[in-house]
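Per-chain residue numbering starts at 1, and chain names A, B and C are given in the order in which the chains are listed.
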Amino acid sequence: MRDSARDAALACRDLSVDYGSRRVLDRISLVVASGAWTSIVGPNGCGKSTLLRALAGLMTPAEGIVWLEGLAISSWPRRERAKRLAWLAQTSLPSDLTATECVALGRFAHTGWLGSRQTNDESAIARALQATGSTGWADRRLSTLSGGERQRVHLARVLAVEASILLLDEPTTHLDPPHQEDIGRILQDQSQGCGVTILSAFHDLSLALMADRLIVMSTDGLVGHGTVTEALAGDWLSQAFSTPIHIVQHEGAYLWKPRLGSAARG
Amino acid sequence: MNAANPVVVVVPQTEFGVGNSRFAWWLVGSLFVTAILTGLSLVVGTSTIDLSLRWLLAPDALSNAVLWDIRLPRAVGAWFAGALLGLSGAIAQALFRNPLADPYLLGSASGAALGVSVCLIAGDASMSALAWTGGLGLTGSAFVGACAAIGLTLLLSRGGLQTSSLLLGGIVVAFVLSALTSLLLLHSADTYRSVQAFLLGSTAYLSWHSSLLLAMVFAVCVVPTVLLSRGLEMLTLGEDTARSLGLSLRALRLALLGLLSLATATTVGQLGVVGFVGLVSPHLVRESLHLSQRRMLIAAALCGGALLQAADLISRWAIRPAELPVGVVTACIGGSYLILLLWRRTRNA
Amino acid sequence: MYRRGALALLLALAFCGGGVRAEPDAGLVFHDALHHELRLARFPRRVVTLLPSLTETVCSLGECGRLVATDRYSNWPERVKSLPKAGGLDDAGIELIVSLKPDVVILAHAARVTERLRSLGVPTFDVETETYQDIAATVTAIGGLLGVPDRARLLNREIEESLQAVTTDAKRDLRGRSPRVYFEVDGGPYAAGPNSFIGGMLARLGARNILESDLGPFPKLNPEYVVRHDPDVIFVSERSASSLADRPGWGSVRAVREQRLCAFPAEVGDTIVRPGPRIAQGLKAMADCLVRVAP
């Protein structure tokens, strides 16, 4: 394994995860490029969420090791790790918190148990709200917001951590297309504008292809990881899904073109 | 962001934003209610109200004993005990994310009953045992029994990492200890009645000493709980999210469970098993307010205090000069309220 | 002789609710307190009792030998301790009782047990044991059941004479004092009211109960009631005696301050709380203490 793995923001070697007796990930080794947005794609059951959670340090692997900034993730003190890694879960539980209170929780790693919010905390919260366009409902309770508005508030919480690495598990599930666009645009701003490392698992191929790099997985393991161009050149997606996947380029964006009707029959 | 949204960012300066003044009013209101209930406690009892008032104006040795050694410490002790129960109920419901959780869910009630039974039976069995248990007393035995039961539950659920295994462990321990208690009581018919009385709960013997103890335990429990409330708030976002934000789930759980256990065991030792106060107080608070975890914990404590004071008053007034067990009164009040909640919920569904 | 004895018994028991008729063809017929009819070929030789007072009654009538089993709480006289134990009134060991093939089971107000035993063909005989007056009636009823009515009459007379003797001595020794008394049955506090049978005994001794009769036989009191009424003497269990002063406000009660407490060990307590033939001993224990500590 190259030494650069240890210098990268996030990397793993021989990572294996079991669910009971079932091995979900088998000896995965990869480096997550710093400052880029990487998408994990693959069919259901290939272990996208599992890989993401293992890299976030939320599960203990059966074998292998995960490195965060060159140090094994399990040896990071909890608060320090929390300052560097921010996690967005797939589903959120119903909550009575207001949007601002929710975003403020993102500052826990900085303020700790007893600390009160300082000016830099306040400005981080304000910036996060602004970046996600959530200032309009900053004082409303999460339970009164729509799904899209709520997801943006949770994303604002993730941004408020001011971590260098964001890990997002299916951040656009159950969102309408306009909201999916919003999320995608925010993530692009963050990675290109602010140099944040983003790692996200996406179900939707077109959204996944908004990223700079891809990690393509199949049920048999890792198919490949690299830039989107490399992935398309190597037709990794078709290998992963075991069926021809057709990607077109349109106005600077990569889109998945489903084969329907006569084209499929032909 | 769209054109309708101005670029100016409004950042609320207070930590909890909305409802500040409403909460303040609620606090004042609950303290006011407590003051009234305490005042009523002085005049309600085995004497008529005007006799009690006359005592206040023209005290003598007897009336002083009744008013200041019996009635006032009962009111004060009941408030602190109710506050402990309300606080414990709020902690249990937040920790287990279950609106039906109550302070006794770790088996403390059954443990206390077993402790009391052992104390009574051992005391009858021999004089030396009586001396030993006499030092511990019924309150001490109940406390030890409650702690032992909780310890057993934690052991069964292997350190309490999973809330579901904790809940199951609590149920199992409660069943097993109740069965053991019943077995013990078979041998002595009148001990059975004493243990029954204990299980129904009683504020009858609250002295200044008990009130002081309850107040100290309340202070010891409420401060750390409020400090840990931020953790509870993070827990509402989900366990993975909470952990990723830097929270040690295990430490938070153990700390809160420890506080819950201390609060419950102390209350059970002094009052016996008084149900429904811990279960109902958080719900009553949520009726009128939406609150952050920190405020919910404080409000539930204040609500529980007033509730138990009111129950104590009713238990003294209803069939005077005889007395209802206070646990029966709280069951009636709490049970009726829960029926109302359920009715409303099924009607809205 | 059969018929004469039965007739005499009928007259004696006419006001009690227990009755025996002898019919030459049908054997013996008894009526118990529930007005059930009990037909037996002869007087029962194998008897099970399910209350300590009933056990004591049978033995005081000299018929201890007929007992084949008692309840678990029966502990007097010594010889009954070795008998098989058939549980309590609420949870009698049905199988054990049936397997012993008793001629009759004597018990008090246990509907479930009575139903079950009767349905299994075991004869039951119900008695009342609530009040002071029930003691004599129970002795008579059981005496009739066992075929020893004369001894029953004798026992009743003995009991009454002992009670009278105790009462007379007590009144003499009290020298006109009529102490105000609080009898605590259990921590709680549960007190004995004037209508309870303990209350009746206290009244016989000339003591005044601080409880009013409208509170019922064993009310759960507000502890301040005792403080307000300031009794002269307190009857309490040994277990609670030492902690009375710790109860808030009770330090000012005269009986506590001057230690005018009557606390009885369990064996003595049994004679007081069981409405049975040893009632006079119980009354004597109470009287002795009262005379000793009353102001």
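Simple rule for what comes next: contacts are C-beta pairs under 8 Å (C-beta built on N, C-alpha and C of every residue); 3 or more make two chains touch, one makes a residue touch a chain.
Since the model is a prediction, treat every value here as computed from it, not as a measurement.
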**Report entry** Chain at maximum distance from subunit A, centres defined as averaged CA atoms
**Finding:** C
Query raised in the report: Using the mean of all protein Cα atoms as the middle point, what chain has its own Cα mean nearest that point?
Result: B
**Report entry** subunit A and subunit C, separation of their C-alpha mean positions in angstrom
**Finding:** 81
Requested in this report: Could you put a whole-Å number on the gap between the CA centroids of subunit B and subunit C?
Outcome: 42
Report task. Compute the distance, rounded to whole Å, between the mean C-alpha positions of subunit A and subunit B. Result -> 44
Query - Interface residues, subunit C side, partner subunit B - complex - result: 72-73, 88, 91, 186-190, 215-216, 219-225, 227-228, 230, 239, 242-243, 246-249, 251-252, 266
**Report entry** subunit C contact footprint on subunit B (complex, rising order)
**Finding:** 45-47, 61-62, 65-66, 69-71, 73-74, 120, 123-124, 130, 134, 137-138, 186-187, 189-190, 193-194, 197, 202, 204-208, 316, 320-325
Query raised in the report: Any idea which subunit A residues touch subunit B in the complex?
Result: 53, 56-58, 78-79, 81-83, 85-89, 91-93, 95-98, 100-102, 104-106, 108-109, 113-114, 116-117, 122, 125-126, 129-130, 133, 135-136, 138-139, 141, 161, 167
Query raised in the report: Can you list the subunit B residues touching subunit A in their complex?
Result: 1-2, 5, 9-13, 15-18, 97, 227-228, 230-231, 233-234, 236-238, 240-241, 243-248, 290-292
